[in-house]
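Next come two complexes, and both contain chain A; in the first it sits with chain B, in the second with chain C.
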Partner chain A sequence: MGRHPVAAFGMFFAVFPFLMPYKSLASQVLIFGLFALGFNLLYGYTGLLSFGHAAYYGLGAYGTGIALAKLKLGSLWLGIAAGPLLAVLGGIAIGFFCLRRRGIYFAMLTLAFAQLLYFVAFHLSDVTGGDDGLRGIPQLPLNLFGWKIDLEGSLAFYYFTFVLVWLAVAGLKRILDSPFGTVLQAIRENGDRAAACGYDVRRVKHLSFVFSAFFAGLAGGLDALRLAVVPVESLYWVTSGQVVIMTLLGGAGTFFGPFVGAGTYLVLGDRLAVFTERWPLVIGLIFMAFVLFLPKGIWGTLIDRLPGGTSAGAKP
Partner chain B sequence: MDFSLAAVLPQIFTGLVLGMLFVLLAIGLSLIFGLMTVVNFSHGALYMLGAYFTVFFLGYTRNFWLALLLAPLMVGTFGLLIERFLIRRLYGRSPDDPLLLTFGLSLVLIETAKIIWGKIGLTLDPPRELAGTVNLGFMIFPAYRLFVIAVTIVVLFGLWAFLTRTNVGLIIRAGSRDPLMVRALGINLNRIWLLVFGIGCGLAGLAGALAGPMRGAYAEMGVTMVIESFVVVVVGGMGSLLGAVVAGILMGQVVGITTYFAPKAAEIMVFVVMAVVLLVRPSGIFGEAGLAE
Partner chain C sequence: MASISRRKFLGATGATAGAVAAHGLFPSVLRAQAEPLRIGCPLPLTGPFAALAADMQRGAQLAVDELNAKGGVMGRKVEVLFRDDELKPAVGAQRTKELIENQKCQFIVGGLAAHVQMAINEQTKKAKVLFISTSQSDEISAKPDTSPITFHEALNPTITSRVMGTWIAQNLGKKWWIIYADYAWGKQNNAVLQDTLKKQGGTLLGATPYPLGSAEFSAHLPKIQAAKPDVLVSVTPGADNIAYLKQARSFGMDKTMKLAQPLLWISYLKEGGPELYSDIYGSINWYWELQDTIPSAKKFVEASMKKFNMPPGDYGAYSYSGVLEVGRGVELAKSTDAEAVANALRKSPVYDHFKGKEWWRACDNKAMQDMWIVKGRGPGKTKGDWGLMDIVAKVAADEKYDRTCAEKGFV
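Take a look at the complex of A and B:
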């Protein structure tokens, strides 16, 4: 598993929907796992805590939603491309501002910019549907070299999502294994030293920020297709908080942590909701316990306990 | 639209009242951050608790003035517990960890408030003595809002006197400059940190208690306030108390005046001002570069 994480990911998530109580939850885990994967590239691997990652997820959701519902592009592929594209543009602009400061400033600035986008989306109801959310996203069939595949069945949609997320996971692995990925981790460990080695730290961080926005935007776009609606809450700070909680629960800086965390959060939330409307209280308490006692998260702690496990460097 | 001074003046005063809430919240955030480099994300939830505790004590004592005194004290005490049992465990770890922990805490507090006080907000009337309006000569303004401005000014002077005229205040200011040196002089900084965290949280509680009669009490009331207060701190300059005051009043004015001319843009303007300040002066109006970066 450790040596071939991308293959392991494919094998596990190929059978995943049959382990879940219902298929839509399985798709949700994949999509939020992808969102957390993007967040983790920035936080876990580059050491930048973004507290406003809902911005890129929301831009992705609105990008795909507006392309299909308002511009009526009529092509699923164009719709999917529009989401990450808008998120990347947002990442370039917001990253430019936020990366002027470091540490906690960076965290709170990303949150402030996400909140700015939330208010803009809230008031621009002609474009975004405002408080009611963006409705009327058509459920287009998938056109694959002339084949038309209907995605309305939840299992068909799951496997469509699965293939895209798998490609994204393979892409991330490629990024992390490249010299660029090594520089990211060097910056996480010691930014000043990386700068002294001659790397343009600000540019590398910005690139990581934009990559991260791309993954989050793809997740947002897929979620717009899954729900056929973009709620304005996609851009809300709670969404940013969710991805932070998921990634930390799973294990920041580990390859599978985001998916372990997204699965734990969503399945736990789904089960708890049966018992109590106040399930975020339980999640909040669990999250606090993890920050205090298990900062490496579920997956990070698990690989540390395994033989040959190490707490340093990139983890599978 | 009416652009006359008579029409804009009430807006300026309304902005000033909002600015006072920003100042109280931002000065607490900034005080805690300046000394401990901890961003207290639960600050908004403590503001919310301030409002609810006021409702609670008002129902219990039937005396608004007593409730206004007890609520911030309760929130401050709660802050002491947070520092002692949660934040203290994280010293020496990544500066992100206290932010993450207090973020979790704010979720817990918001949900707990919903369980105790219900999902629907509560309203709170100003006391009888402050229920009416006051004729200032050039305009008529609600008495309670003038009271909020007055209380904030008095509290700010008290805080200023405490920080500049007492030994503990001297230690606090020295501790935010050079904690190692203060320790070397044999001063127990842990107790100072505990005290400052409690004062900062108490100020958030006071802001909530003062806001209650104007805005009511509801579980999510602190959410946007904490984000906007943080923007105020960034604009003023992290760790600068004067910056928090100036930027708080400035932001209150920005919101107040935008509300008059373009209501929909009011919430957005706060962030636009922040973006401009960041471009021109990344460390904020009164900030020093390098604090906790």
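Take a look at the complex of A and C:
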């Protein structure tokens, strides 16, 4: 991954579906990898642990789902845009309240807001489908400079997802490499000192929160297209827990760690589920082993052991 | 590796390579004949509905055994692959994708919870795979959710609540209180029950929603007791049913009013025991004692006794029938193409696998079937481990119990 991580990412994921047992799993890894990457911006880089990140993933899924299934927007691009847009609005509002508190109070507030959204979606069944989930999301063809590309096939959908996720990854990398990204890490290391340097800590945190919501929302929107249904569980706290586990498993604070974690979690879960219903037990044990003995996660440990590599400075 | 000699290793590798090469050389048509017909079966194998799912797993397995004993379907062996949907729509959808894309399943039979089944249906529609749903649901056979390749083997809230509601009003009393689980299935039943009561000229004294999965009913019960209804109708699925009945009995409500519910499940009668279910009324799609009068039920019960040493339950019967219908459809169509099989089933819609004559209604692919009103046998009156219910009445299949084709969005 070295010096050109975004290019390396592109090369690897261009062939990725052929390494997977089936193509939809590859798309799922991309989508949850993006979700975890977005979460990591807030947790790994800014040092804010959100226990309610399902809120933005779910808002993204409902945004895209409602735009296409209920509002019948005839454009795939508008549908895709509606998801992250709704997630960003949610991030602005929820971040405004949650960032008034720190540490465990912050985490609990994010959780409370996410559960609030869950119950709203549960009861607004005319809009969200409630407990039955939002159904009837059409698979619109992709309109690109006059070309119409059918996304019905799982490989076509994978490459569509791949391009969007790749752009998002490049964008995220750009954010982290900018002065703003450095300030984030300064705040993570010592918020008071960053404030003393003249940075508006709360505003920077809020911006990070909103960016993070954007990436989670894009992931949610893509998943709504992939499954053609938005279950109300998208907003449930268990979904928030999953993204925390994925990120820690892969390595928080490293650029690709969350992606590696999401991939490991999903592929292992999918393969194990064929043999046993107790697959979460196996993943749980692996997770515990990493937290106890290799706290930098799979990716963090790996790049530590590579010549010249260190995860301390948030390398790729 | 130590115990395997070099020669043996080379031999095995060579044989494998040869087999792989030969596999590639055969024309694909010939290979397709030899490959088994695969049916995917997503069920909530873990979680609160695990007992029902296990019953469904046994039912599907019995059907596969039966088909294979007859030499398979069109000369092909039949396989059923089970996956745990964890009672979560996203997981159900993902497992269905895996079954279709990775395992090349040509048919999906299954689903138990309505919301998960709906997510499964979105995948089968997309992949153009025939789906026979075995979950109680109104939407699955109605527009816009349904499709020409979506079939529905189970009863639905409209049918059970209309039939049972009418029977309760005519036989147990016309002053009701309804208590129902506050989610899609519970709300649908409540709405149909209220409508049915109105048509029967009865009075609704009140309706109480409670959160699904709650074990605490005592806050609601005194109010209901004070209202003195003739019948307390409960829509309390799964483990809630047992918790609710325990508390209603401890309040002595079984003495002052009748207790009835749209649906009874033998798995929960077994779990709760005859004391708890004594004189509780409900309806059911099938009960193993029907073997005394129905030949296909007898065949089904005997197969189950032989393999599992227990009779099948009401939901196992659904998946048993669903898998057999896949076999029948493929034989009729002489093809595994979803549309061809669906057309064949609509063209000769009548079948009898476990309960007497059933048929697919042409407009919505909904199975029309007999049902029975049953009552829990009290302690001392049970027959063996599983003889837990008395059959009170039979309700013959009739399209009038379901919503009409027009009401379901078919014009």
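Here, the second predicted complex is superposed on the first by the 315 of 316 C-alpha atoms of A that agree within 3 Å, B and C clash if a C-alpha of one lies under 4 Å from a C-alpha of the other, contacts with A are read in each partner's own complex, and residues count from 1 in each chain.
We adopt the following convention: contacts are C-beta pairs under 8 Å (C-beta built on N, C-alpha and C of every residue); 3 or more make two chains touch, one makes a residue touch a chain.
Computed from a predicted model, the values in this text were never measured in an experiment.
Asker: What is the contact status of A:F287 with respect to chain B (first) and chain C (second): first, second, both, or neither?
Answerer: A:F287 contacts chain B only, not chain C.
Asker: Considering only touches as defined above, state whether A:Y105 meets chain B (first), chain C (second), both or neither.
Answerer: first
Asker: For A:A168 in the superposed arrangement: first (chain B), second (chain C), both or neither?
Answerer: Neither chain B nor chain C is touched by A:A168.
Asker: Which partner does A:K23 contact after superposing on A: first (chain B), second (chain C), both, neither?
Answerer: second
Asker: Tell me the contact category for A:V183 with respect to chain B and chain C: first, second, both or neither.
Answerer: A:V183 contacts neither chain B nor chain C.
Asker: Check the residue A:L68 against both partner chains and state whether it touches chain B (first), chain C (second), both, or neither.
Answerer: Neither: A:L68 stays clear of chain B and chain C.
Asker: Applying the document's definition of touch, where does A:G241 land relative to chain B and chain C: first, second, both, or neither?
Answerer: Only chain B is touched by A:G241; chain C is not.
Asker: Could you give the residue numbers on chain A that contact chain B in one complex and chain C in the other?
Answerer: Comparing the two interfaces on chain A, one with chain B and one with chain C, no residues are shared.
Asker: Enumerate the contact residues on chain C facing chain A in the complex.
Answerer: 45-46, 83-84, 88-90, 93-95, 97-98, 101-102, 114-115, 118-119, 122-123, 125-126, 139, 144-145, 183-184
Asker: Which stretch or stretches of chain B touch chain A in the complex?
Answerer: 33, 37, 39, 86, 89-90, 93, 95-97, 99-101, 103-105, 107-108, 111-112, 114-115, 223-224, 227, 230-231, 234, 238, 264-265, 267-268, 271-272, 274-275, 278-279, 282, 292-293
Asker: Flag every residue of chain A that touches chain B in the complex, lowest number first.
Answerer: Chain A reaches chain B through residues 49, 51, 97, 100-105, 107-109, 111-113, 115-116, 119-120, 123, 237, 241, 244-245, 248, 278, 280-281, 283-285, 287-288, 291-292, 295.
Asker: Can you name the residues of chain A that touch chain C in the complex?
Answerer: Counting only chain A, the residues touching chain C are 21-25, 28, 125, 130-133, 135-137, 139, 152, 154, 227-229, 231, 233-234, 270, 273-274, 277.
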